[in-house]
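Please find the structures below.
Across the two complexes that follow, chain A remains constant while its partner is chain B and subsequently chain C.
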Partner chain A sequence: MTDTAAAVNAPSPMEPSMYRVTARDVESHDTVTLTLAPMADALPAPNPGQFFMLWAFGIGEAPISVAGVTADGSIVHTIRAVGAVTDALVALRPGDPVGMRGPYGTSWPVDAAAGADVLVVAGGLGLAPVRPVIDAIAADPSRFRSRRVLIGARTPGALLYPGASARWESQGVAVQRIVDRAGPDWTGPVGLITKLIEQSTLSEHTHAFLCGPEPMMRFSAMALIDQGVPPEQIWVSLERNMHCAYGHCGHCQLGSLFVCRDGPIVSWAAAQAVVRIPQR
Partner chain B sequence: MGGSTLTPATLIVERDGLDALIGELRAQHRTVLGPLVRDGVITHGEVTGIDDLPIGWTEQQSGGTYRLQPTGTDEIFAFSTPSESWKRYVHPPRALMLRARREGPAITVETPRPEPEPVAFFGVRSCDLAALGILDRVLLDPEATDPNYAVRRSDIFIVAAGCSTPAATCFCASMQTGPSPTSGFDLSIAELKGSEPLSYLIAAGTERGAEVLGLLPGRSATAADHEHATAVHDQAVAAMHRTLDAADPPRAAAAPEHPQWNDIAERCLACGNCTMVCPTCFCSSVEDTTSLDGNHTDRTRVWDSCFGLDFTHMHGGPTRTSIASRYRHWLLHKLVTWQDQFDSSGCVGCGRCITWCPVGIDLTAEIPKLARAATEVAP
Partner chain C sequence: MTDIAHRLLAMPALATFDQKVVDVLASQARVVSVPAGQRILTEGDPADTFHIVLSGRVAIEINSPNAGPIAIETLEPGELLGVSWMLPPYRCTFDARVTDAAELIAIDAVALRAAADADPALGYALFKYVAGVVRDRLQAARVQVLDLYRGRDD
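After this line comes the complex of A and B, so read on.
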């Protein structure tokens, strides 16, 4: 039985904590990276893969993945302006307040990949939610047998965190980047990210972390399975409409999953049956 | 049921005893909500005595139709499910969740709690009692609790009432949620249909229920009274013709892309009526509305329906664009994925979604068709 008496005094799950923008880095014409520090008490530290609900006062909330945590505990988010809430978030300037609640959801099982071959596959803005995985393996590379990151974007200008790749390389992480459409200065490979997957050496010892548009994750997972990676070791970050982030509004349902609670990070073994059915 | 430790555990009353019960609950400063006739249907509202109840009324329900009918008797509980469930009292259609104001650089936020209000739900049908239990599992989940729901749920005196006259749309017996309440009530009433004078067997399910029972005029129940109540129950079960075979929903779920789903989609208007009347559908939207000066924001939780195209809105469009996909999501949630999520069915067999569907889509008819179609394509 549920304890109604205790539930009456439970804190409101809608209560935001107020944070302040302490840094704003422009990634592209519609995308910025914000660093947010608490004005009073900090929320619990997020695990890689989790997300917060960010509140733009007067507009509304949007779920945004954690792209990093700084040494002083500030939260880093990379946000693309695609509608009312994200437009308002992208327009924030250092000093501006922003409401936060969370962290919510499941995390990337990085520790389970210790001793194994790690492969990160990121498409477009999908690099933001897996960035904490890359930072974690770069911080302690000897824990993993090998480390490889594949990054895809539509154009060279849409590649996030241009400075980070060189740093990750210097920390023992192999980084390969590919674009759909090359510009005049692009000397790297052109095509879909699955092309890089096909050129990689993979095995049943590979643990893969995938984030990007759903078709990209689907094709990537299939390419990985073709090369012997078990579906239980392939992890994806799912995205669905979200209103509450705590399992009450119903919007994020995908089959039996509440993506806000049972996701966003789900193994391909669990996700494939639902993700493969159109309009599920 | 609490059983032998409660004193008295059962009582036989007549109409004046029921009236005294409502009076006693009101004397405890409870708002008594119960069935009444309004706008051509039996629904719920505040009742102050038994004269407010649907005495002498029953209803005819079938796919897409609802008609009140006089019974020609003075039975009080000869109807089945009221048009609306109790959901609106514990999980209101609109609820304020947050109120914020901005003054210069400072933002202050409050998350208002509703005032705890002692109420009594009078005449709760067994299916609706099961539905309240299901809502509890969703909204009082220890991992994610809605404290406002907890407040609204915290002081409800529940007087259940068994069904003697199920509607043609009812299938609680096959969902194992009715027609007679077995737990989750303070008191439970069984109308001893056909008794002279018309009497009611009231059973206590809690200590506070037994205390109220002790204040009512009546006599102790005999073995014959209990046999009468059992006979009424058995007749109600026998009168229920709709069923849902528990083996069918998983079969239907196994063929999510079968064209049979399109057969339903050709009729379904995606109006969402089924989700509004369903006593367990809990989905909602969260909306921020802001004053013109931009300094005051109210965040409201509003009932929403998975039949709306916007429900799955994403940058790039909704994920469930076809009506077939939305009906499939609803039906499979009710009957299959709810089980995975909450360890119970999401359907209690109240039949409201059948009655209030403007085109009369009947899940108890669609599920066997889907299950059969799925089996036919299987290798």
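After this line comes the complex of A and C, so read on.
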């Protein structure tokens, strides 16, 4: 086959693979967790922090971070309904088809934190992209000096993955939760997640993984730096207007970064200079 | 130095206080234990006592006719409960309820205000302490107003 013929026959990078919904767990009134299994050949296994482009047929596609991979290789995504595409994805039921392409982007450098104190800071739906990190550190305690997870949510009822949180605690991970507001049934802390950071014992040996709304990550990164954590050891997950997902279209350009290709996981040392640039 | 003075100085927020300031605070202070569920401040009441949390947790609440008490912040060990004692009209602006059995240092605000009026250096030290707390809580409230975790339909 000639080079030209090979190029013509190569699959388009925009062509999705067919997957099917095998499980649908309702997390809240607008958020579900879908488990997706391949209908034919599986896509490459993702690393923690990477994302797939999910197609809602007839409507469009959206970048969705990986919340986990099951033992049989199915991909787990937690999706909140915030627009036309995600409305359609959230409405999918077991048996429904969905298109996927990927995985794309950079991943959380969990291996670089071996031997160190690991801190995961997650706000709202931001718990989904760091869930694979938490699963990894929970499963392998001997690799890390300490393991702590701080979770922020709008209300107690909006806290994601209560079952998984209990399992992480049973595996020796220190898990603390804080909410923005609560009724009298909640006896835990109320306030900003930075309050939990300020109460934590941190040092230059801490490696931190942050995911949530960008202002939350900015304030969290500053609180971490105030406690001696080097910016190079603080990792954040950026979100921008990703379309092609492989650095071709430029929609997600953020300063010198293409978030889909150079991110979404970047160190705070790299992110702090560009994170205040408005999304186009 | 009294036991209460030792406990005050052990708190990071107070560690930079002069010994004299701590001694004045301690002279107006007593340690109280409060069970979970008990309200210790009520909106509108005179702010004649303030507290510093030694252990447990205290929720700052606003009462809403539709939703009942809503906790907008909790205070943990080392944190100041009550800033309204510092400025007129010396009236509590929120409810406070213990959510996790707490030990508190309760300080007589009326006596402390009189001491601060008589000693500007003491008053300035206390004012800087309270202003720092107010700054941090204002910043937190501003971010909470953004409602960062809100979904489209919330």
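In this text, the second predicted complex is superposed on the first by the 264 of 280 C-alpha atoms of A that agree within 3 Å, B and C clash if a C-alpha of one lies under 4 Å from a C-alpha of the other, contacts with A are read in each partner's own complex, and residues count from 1 in each chain.
By definition in this document, a residue touches a chain if its C-beta (ideal position, glycine included) is under 8 Å from a C-beta of that chain, and two chains touch if they have at least 3 such contacts.
What you are looking at is a predicted structure, and each value in this text was computed from that prediction instead of being measured.
Residue contacts after overlaying the shared chain place A:S256 against chain B, while chain C stays out of touching range. In the superposition on chain A, A:V82 makes contact with both chain B and chain C. In the superposition on chain A, contact of A:Y246 is made with chain B only, not with chain C. Of the two partner chains, chain C is the only one that A:G191 touches; chain B does not reach it.
In the superposed pair of complexes, A:R154 makes contact with chain C only, with no contact to chain B.
Once both structures are placed on chain A, chain A residues 82-83 are touched by chain B and, in the other complex, by chain C.
Every residue of chain A that touches chain B in the complex is listed here, in rising order: 2-5, 7-16, 18, 57-61, 82-83, 97, 99, 239-241, 243-244, 246-251, 253, 255-256, 258, 261, 277-280.
Residue ranges of chain B in contact with chain A, taken from their complex: 97-98, 100, 102, 105, 107, 109, 111, 113, 116, 136-151, 153-154, 256-257, 282-288, 290, 294-295, 297, 299, 301, 304, 306, 311-315, 318-322, 325, 329, 333, 337, 340-341.
Contacts from chain C toward chain A in the complex involve residues 36, 57, 59-60, 67-74, 76, 97, 99-100, 140, 143-144, 146-154. Note for the complex: chain A touches chain C at residues 28-31, 80-83, 123-125, 152-154, 158, 180-184, 186-192, 194-195, 199, 212-213, 215-216, 219.
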